[in-house]
């Protein structure tokens, strides 16, 4: 069945009777939700949503896998990723060093599009599944090579318990604990 | 009589006493609870939490205290373009006049605790209604004094709204007086007794009164003078800090005053408690019942925020003149019939 | 206060103590900071497309009102400005004017990559960076940041106000003078008088 | 009229081109057709622009979708195309036909405004005015639309306004 | 005070619903600036001149979010502009990038595999629902109905969860690529989608009770901001706004793309052209989008998984990439795509976004960058409606008209 255009009449409502019944219906549905709000709000610092595995959160570098191809820096739409040259031990002669280039990232600009992760030929870059970290100054947001290899501290996880929002037919979203309670 | 006695008698003179306790203390608490309920009930209907983290055990009631304190300590910006004295004076006078009706409303039938001398009590309804018509004038003044397109449009809208609701409010609150044949609030409450409440005997006037209160205190769906999408915050756009808090509080005080009047005129006042002798039985308990009924009315009006949007100005005026005014007149007619039948 | 002696005996000590309480402002500071931190009302200024996530923050998922933050209509009654993404040269004037209209103590959150270093528009000819226009307290990475990130920013700002006594210092000492915006107002709003 | 089955777009486009050609030739307008992917551009001389627009409007092309201007600094010209389509004429609805003119790249390039023909071109002509500096003669309200005057004076969409792109080693603080 | 005022309006209406008064009005007009810091404007400004309560002249002043998309599109290669253009309407991300991808596909002459087409259409429809719900939310605020705002935003989260499960990002999916899509559906996706569809159908009935049939709201919408069919065609109004005026125009029908020719759905059209009709079009479109999601999910579940990128690209995949595609359903990019070249030519790509038809004119000179990208979004074409529809209405109708036009400034300003 191909798509088609369908002209529809606008539902008309009028008259005193419809006016009274519509007012009552609106009031009733308000009272219905007042009595049973079916809410799924997250009490934020005490609860936080645990995101799915494929979520595109902060990007972390696995230095061992990096082959210095610079594809990530070239695909980055906001020029947040840059290559720096650092000395690393020579693969065959340990006392010598060679210059090798690695990516560093500027989270002032990163837009979390994940192109760098997808273009990396060796899967040296990966996402962590959290995103809610804030900064009080701009300089912290430029990650040098050491910071880029560590997953960032996640203060929310220390304060709260993880919950998961499930899609539910009755409630829309339903808040369930992400993990079993310990002990 | 010593000076101390004079001071004591002044302080314990019932109108001032009631004004201080109910006006500055009680009404402030009621306004806080009303705003809290408005936000919390709307949040429940809207499937979210509402104010919470300032005091999780009280359900976020302290957030309102925080708001009030924050306004109190915030900078008061007075733009160079405003008319200085009216700009400052309007919210203060508006607030003062909003709580003045507490000084004339009796909350018990025990004459020892009436705020006015018994001779004046004959006209207590008239006096209370007369005072309630004053505060909106200061809203208009504040709108004009702020000298900003939005405040001026807001002030004009307020004026339109006043014209339409004033008549309805007064007529619908007079309906019980017509039925009973007295302008004394105490008489009207006594006439209602335990069961013959006017909400049952005259639902038309009650509905009209509720609508009039919603209009006069710009509750939804009649929140037209402060309609955000066109006129930002209406007459209060330029106000900041404590002056804005006074303006905001004034509206809720007025709602509470009207709530008191409705609870007395339609909801049987202090019944089922029959006031007796002494402070507890004669004043505290009956007034508590009246206040609780008034709070229920206020909260019910606040709840409408979650259900309705706002009317357009001309639609609201149209509704007031074409629908609610006939309703009020029908209510008066009903009251006349009841008076003729001699129910009271 | 020692038994029975406080009122009559040692007037000096009592007066001093009273002065400490009233003028030392120790509890008053706490009250001001507490009240301000739980009453951060963001002004309605949508600079760019992060406003969708700003809207989502104040929607049922992460209800921003649970922190006492109530998005409000006019700048005069608010004390928080959330820069929602890119600030263009045309918008920068509005941002600055709104900031100046807000009564002190006031705070600012810059949201999203565009508001930090331009994000995708780092070399665009029509943007300015918000930290050049107004002083910013908290920065959020992401494009756009998640609603939880904005909630985190509000929580962090609340803690900052309480721990560093930002609001009470501001109340006592007037305008916060430590951060000067980079771009002067004439450069931001000068175009309004110009026409071609 | 509205019961649209799934149609073959290319045949509709062919029909629309025929209709446009007929309308223009009946007014005696000289034109050349250039093919693009999914549309045709009809390029006319500057003096025929208003007449051609009127003819196309009569033929059923009732609104402007896009006023597309491209700068060719090497050939010293702007290529200015009104991309048109139709809502009300069902036969050609959705087919994009461009009515174009080539403007020499002078100090103050100008073309006659087509706002009087298509009201929908009004804002787009203002946009082209600020981005390219092309003036539209007879436009009722020619002001910059999107940009502030200082930025609009740069004429940012011309090719000689260059935006610098960073390379992959640039802007890194010196650190280990 | 303004002298010598131009009077617009006086448009005759076919249905005889409204004729804007075009009387000559004297000097004492009242000028009100709505925006940019204004609860009723968003990121734009409308200069409104009032005669009493009646709007005489409205001058939309847009461009507060102009972020130079067309210029930046000329210097960023062929892949990088996808996230860039997405920022025009981030809650409608897949739809707004589709036309660009389609135009590049036309220039390159590639055709995505059928599975990728279905995936893209699926995400487009999820985004369309999200965009319409966002529109409802803003509309609710404009009419003072905060419950509608919260409900619509809350239910939008359901579809954002769906999109997040599919693409890994809440709003900015950057999902379509020339010749394919980026991720295949996860295993639990079909169940989630079906639950979301059933839930939304129930909720739409509740929306009717509290918002659409609410007498207060209806009185604000009926007969307000009427755009007749002729006026809509003359001003070039697009999308749901045009369909509310009786114009049965939808890119999914006139130039079908992706999987739409194979799907069964209707394009709802109303004739009234007032604010209520524009609202109802969106409600009906949500219903149709739910149908499309059901069909697309069923197709994706029924048919075996296949590579979701173009055959040529897949042929160049190293074994690791192929393994990832099979195990995670994630399409890797090849380093060549950072600097790919596209044959010379001109192409127009267009798609039906949540707010209407969006057109990208892409010109290539055979290099690594597009030579010219011209973007005309739906909101950009609807902006002119403010100038011609507002005059003659009361100032309190402004939010009702603004909200019903579903105007989104970042999309309009590009």
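In order of appearance the chains are A, B, C, D and E, and numbering begins at 1 in each one.
Throughout what follows, a contact is a pair of C-beta atoms (placed from the backbone, for glycine too) under 8 Å apart; a residue touches a chain by one contact, two chains touch by 3 or more.
As the structure is a computational prediction, the values presented were derived from the model and not from experiment.
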(message) By that same contact rule, can you tell me which chains touch chain D and chain E alike?
(response) A, C
(request) Count the smallest number of chain-to-chain hops linking chain A with chain C, moving only between touching chains. (result) 1
(message) Which chain has its C-alpha centroid farthest away from the centroid of chain D?
(response) B
(message) Using the touch rule stated at the top, which two chains are linked by the largest number of C-beta contacts?
(response) A-E
(request) Taking each chain's centre as the mean of its C-alpha atoms, give the chain farthest from chain A. (result) B
(request) Could you please state the distance in Å, as a whole number, between where the Cα atoms of chain C are centred and where those of chain E are centred? (result) 33
(request) Could you give the separation in Å between the centres of chain B and chain D, each centre being the mean of its C-alpha atoms? (result) 62
(request) Starting from the mean Cα coordinates of chain B and chain C, work out the distance between those two points in Å. (result) 34
(message) Quick check: how many Å separate the C-alpha centres of chain C and chain D?
(response) 46
(request) Identify all positions of chain B at which a residue touches two or more other chains, and write them in rising order. (result) 45-49, 52, 228, 232, 306-308
(message) Two or more other chains touching the same residue: where does that happen in chain D?
(response) 2, 4, 6, 144, 147, 156, 161, 163, 165-166
(request) Can you tell me which residues of chain E touch two or more of the remaining chains? (result) 38-39, 63, 66, 68, 71-72, 76, 83-84, 147, 149-150, 154, 157, 172, 210, 214, 248, 253, 256, 261, 269
(request) Give the pairs of chains that touch; include all such pairs. (result) A-B, A-C, A-D, A-E, B-C, B-E, C-D, C-E, D-E
(message) Which residues of chain C touch chain B once you look at their complex with the stated criterion?
(response) 31-32, 34-39, 59-60, 63, 65-68, 70, 73-74, 76-77, 79, 101, 103-105, 167, 171
(request) Write out the stretch or stretches of chain D touching chain C in their complex. (result) 143-144, 147-154, 156, 161, 163-166
(request) Quick one: which bits of chain A touch chain D in the complex? Just the residue numbers, please. (result) 2-5, 7, 70, 73-74, 79, 81-84, 86, 104, 106, 142, 144-145
(message) Quick check on the complex: what are the chain C residues that touch chain D?
(response) 89-90, 122-126, 190-191, 194-196
(message) Applying the document's contact rule, which stretches of chain A touch chain C when the two form their complex?
(response) 39-45, 48-49, 77-80, 106-113, 131-138, 141, 156, 165, 173
